[in-house]
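Going in written order, the chains are labelled A, B, C, D, E and F, and every chain counts its residues from 1.
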Amino acid sequence: MWTWFHKLASPPHFYRIAGLTIPAFSWAAGLLVAAGLYGGLVLAPPDYQQGEGFRIFYVHVPSAILSMFVYATMAIAAAIGLIWRMKLAHAVAAASAPIGAWFTACALATGSIWGKPMWGTWWVWDARLTSELILLFLYLGYLGLRSSFDDLQRADRASAVLAVIGIVNLPVIHYSVVWWNSIHQGSTLLTPGAMPIAMKWPALCMLAGFALFYGAVLFVRLRGEVVRRERSAAWLREVLVK
Amino acid sequence: MQDSGRQTGLEARSVHAWRGDRHVIRGLSLRVTPGHCLHLAGPNGVGKTTLIRILAGLIRPEDGSVLWRGEAVGHDPDAFHADTAFLGHDNALKADLSPLENLAFWSALAGRPAAAVAATLGAFGLQACLGLPVRVLSAGQKRRVALARVALSGASLWLLDEPFTNLDTGGIRLVEAQLAQHLAAGGMAVVAAHQPVTPDQGEVRRMELS
Amino acid sequence: MQDSGRQTGLEARSVHAWRGDRHVIRGLSLRVTPGHCLHLAGPNGVGKTTLIRILAGLIRPEDGSVLWRGEAVGHDPDAFHADTAFLGHDNALKADLSPLENLAFWSALAGRPAAAVAATLGAFGLQACLGLPVRVLSAGQKRRVALARVALSGASLWLLDEPFTNLDTGGIRLVEAQLAQHLAAGGMAVVAAHQPVTPDQGEVRRMELS
Amino acid sequence: MTPRQKRIWMVVGIVGGVGLAATLALQAFQDNLMYFQSPTQVLEQPIAGERSFRLGGLVEPGSVTREPGNLEVRFRITDNVEAIEVSYAGLLPDLFREGQGVIVRGKLGADGLFVAEEVLAKHDENYMPPEVAESLRMPPLIKQVEAGGA
Amino acid sequence: MTARPGLWRVGMAVYARDLRLAFRRWEQAVQPVVFLLMVATLFPLALSPEAAQLRGVAAGVLWVAALLASLLALEFLFRADHEDGSLEQLVLSGHPLGWLSIFKVLAHWTISGLPLVLVSPVVATSLAVPASALAVVMLSLLLGTGVLSFVGGAAAALTLGVKRGGVLVSVLTLPLVMPALIFGAQAADLAIMGESARGPLLLLLALLVLSVSLAPLAIAAALRIGVE
Amino acid sequence: MTARPGLWRVGMAVYARDLRLAFRRWEQAVQPVVFLLMVATLFPLALSPEAAQLRGVAAGVLWVAALLASLLALEFLFRADHEDGSLEQLVLSGHPLGWLSIFKVLAHWTISGLPLVLVSPVVATSLAVPASALAVVMLSLLLGTGVLSFVGGAAAALTLGVKRGGVLVSVLTLPLVMPALIFGAQAADLAIMGESARGPLLLLLALLVLSVSLAPLAIAAALRIGVE
């Protein structure tokens, strides 16, 4: 297990594996999202309260969940990079940040758009919404900090520290609706019986599709990162010449 | 000697370091034992500063290891640093404080008696500037204050990066005298310098980087 | 010579300057004429930097006057400065720009052709660092870039404060060669340095401050 | 201290700090730190008249009355224990209906009438097709009370 | 001696260099904007719900946030040049120092003031400012950030000899730009209320002209003292 | 080798040196306070008269002003030491870096945070905050500025390798201190309205404890990166 891990973490090996995974992930993501959209927009019945408007669920929920999942991945990768000084882990964190920032922006945008008709307002300063906004700021701070260094190693480690600090925000986002009286609803997917299966499966498809999409983009960006980091290494020249 | 050196001195084993995408230090090994001084020489940009900062533990080498008294420096860095004095290109002086106040602080951190500070500054020819704020001192006077900090530290290992910068000939002789005293007392030193390093006592080995 | 010197060179007449309450420069006079270099020597803190900054017009002397080509410098400082290159303890380089970009700016300000920049940097042994940001250069490499600025300026008068700081022996020889060329072409220089200044051409006069 | 001892002290310090912080936070949650308050909370410790605050709960079924000719709406907000009379003039969100969760912002007058400046709808985590809701007949009132008063 | 370059070329060289330095670290060039966005976010958080509702707060928040954002960037206008010795070289360049400093200030404004003006409609809209008032809000900020850059430039030059000048710059600048703040916020406020803002805008313009013509002199004098 | 000084002596040496440096230029130590006073003056000027009337604005203005004032000073927490090489020496001192950094942060707080707390009653009174609420306002600022110093210290340490860190420090710090701002302003607001502010104050205390126990670790890690 450990040797396998090390082998995966070695840049040349990773570069090859990533080359194989990217198409697989992309196809799977495309299919799942297509199925989810069809299921969500066409097959699923309207909601008894929100009517057709509830269908924005199928974009909002996966982006919101992914925004947190990507941050968690990023912070864990950053921690691994800090502790075991693994370059590939830093690369994962660096490659994840912009993707996560886009998911967060998307969750905020779709949430606002949804909030206007349902709640009667685009935005309120409640705990869930504010903490999600902080997540966006954290991503932006991370990106800003990274790009302020010209030395890659220092950029890696400084931004890793920030990523790890910011992880305290994740439980706040998730439990905000439990801890505070929030205008935002509680968890639908995790509450048994809160959603009939006809409405739920497209959501799960979308979620899986978004996750695979993240995986695919991550690997594409990672290959870029690896090329940038190893540009003087012999193996890379061989691969690129081929 | 070989074995006692392992146990009592500083050793670097096939150290590699990159700066940006330049492979600056390529598999360098060295050893410094009590009473010895290693003089790092070499043209501008060859990596002397990089090497000294690696030895001090400020830069982690990409590969290879640095040992202090036989143990990896990373094992107990605080113990290593407590016994080391480092002088970089910067003087580590507060412009608003006087030489006396500056060194009183550093010697408090090193656990040295405060009484020695004025005497050591005097030995470096700074009697006239003890109370002036450092900002008004001349370049050479500032360097002397920084060197007095090293002399005050009581550390066994001195790591000096171009200590003679801005010093007049009298200043250079002074530093060499202090170095001789340090080596004679069983101290060690690594000195990067473009000038020759010729203390009266102790043994100097020159290492040309390239 | 005496009279033509009056008309074509730099002259200081019984200049006095205080730093804080120290009377650092006491009635000093000097003259530099084309083809001549004045080497300011003296122990640390004696006032070399102060004097050079007075000559450059950065510090106004308490008393006495500085003349350029027979006229008080204060009369038309811009004309004087347009024909002067000054190198201080600091290098005046932007850490984020490359040596090329840094010097392109200064030579644009001096009205010099941009084409010469890369060649001059090359002459100072910096071919390998032309495009790197200055922040990553070694101390000696930075000093070389700063010296290349002076060589590029096309000014008749060079005022150099410890130009050899951080330079290796090759670097020192390079600077002396440039200085020789400058003097041979009728230029003038005032150089503060603790090392000897020995260009192949031009005449060097040493002035010991005390 | 050996490096090992140092590390132990560090861990002790951090765990202690985080634990203490958690305890304090738990203490804090017992006080009112809410985006909105329920009618029971409001009636238990009345809030000074001139201050505006948020009140949340369900629109009591059958309590909605509209003044003919203007936009003013009156309804009662309940948490199934207490109820407060609310008056509001303005556009209501689409989701506003009887039995629905709402959050209103405004001031509680001395006469016990809450004059709202803003009405937001709140809904719970339940989604279902209209037929199913119909067959359940009773909208998920119980759930909403739990969510609103938690 | 070589032909001296013309004043325009010299000015543009200074301007271009400062912009290049800023874009070398573009992520920092956008920071005043990010800062503005964040202050505009923080304020509603810290205000009680009823106060946050008031449109009257919008002009104030926008102006104070813009002022602070551009103050934060001010400190670096001359300090970096001072610390690395470039300022000495500029003083000794043989070109009029006041002239050079105009271009440094303009570069600073391009980096820190202009983007604020450009994002202000977004922030203003989020603070419930009606679309009809946006043009006046932008215009007031355009003039106001100009005043700020010039007046602040003089303050930044004065504090050169001092370490930790940051807060000092602010302290020196704030009282000087108070009139600009008052008129600017007033203009924005009038526009939000749907009235004519011509009076305060003209006053702002007058302040701008005044500071453009006087500040360079003050800056040049202060810089000469700073390098001594 | 000599006897190593105890941790307390070392910490106090660091604390005393930083205070001495600050008092050597006391006119700068008072700048955060002056800044606070000025922002608190400017705001009512920039607000429309109806908004300025509201006591609900007081807590917000006070808190945002204090936050910005102490942010401005933050940048210098480690930068000066970084630039003159002192930071390297601290890293190499052989004492736990996290420990030393606690005392640097405390010194910073003593200089920039504490005075804000001390003048806050004056500012609050000028903003029509009733006397009965002053104690809670001060307490909330006491806890809040502490959080700010520690969290901001981590941000300042992270931006060490970066030129023009100023705005970046703010950008990194603001989101992290947003919760403190929210609870602090809420506490002040509740007190102004004459209600119990126990909940938000407890949460502020929790945030303080959390940041005191975690920030030194982050700061030490960041400083080591900064000197590399």
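By definition in this document, contacts are C-beta pairs under 8 Å (C-beta built on N, C-alpha and C of every residue); 3 or more make two chains touch, one makes a residue touch a chain.
Treat the numbers as computed from the prediction; the structure is a model and nothing was measured.
Set against one another, B-D and A-F show the most C-beta pairs in contact at A-F.
Taking each chain's centre as the mean of its CA atoms, D is the chain most distant from chain B.
With centres computed from CA atoms alone, F is the chain lying nearest the middle of all the protein shown. Averaging C-alpha coordinates per chain and comparing to chain C, the farthest chain turns out to be D.
Each chain gets a centre from the mean of its Cα atoms; for chain C and chain D, those two points are 75 Å apart.
Spacing of chain B relative to chain F, judged by their CA centroids, is 36 angstrom.
One finds 46 Å separating the Cα centroids of chain B and chain E. In chain E, the residues that reach two or more other chains under the touch definition are 25, 28, 31, 34, 38, 45, 48, 50, 80, 83, 163. Counting partner chains per residue, chain D has residues 6, 29, 33 touching two or more of them.
Counting partner chains per residue, chain C shows two or more touched chains at residues 89, 95-96, 136.
Those residues of chain A that touch chain F in the shared complex are 82, 125, 130, 134, 137-138, 140-141, 144-145, 148-149, 151, 153-154, 157-159, 161-162, 164-166, 168, 172. Chain F makes touch with chain A in their complex at residues 154, 158-159, 161-162, 165, 168, 171-172, 174-176, 178-179, 182, 210, 214, 218, 221-222, 225-226, 228. On the chain A side of its complex with chain E, the touching residues are 125, 130, 133, 137, 140, 143-144, 147-148. If you check the complex, the residues on chain B that touch chain C are 19-20, 42-46, 49, 89, 125, 128-129, 132, 136-141, 144, 162, 165-171, 194.
Residues of chain F that touch chain D in their complex: 96, 98, 186, 193-196, 198-203, 205-207, 209-210, 212-214, 217.
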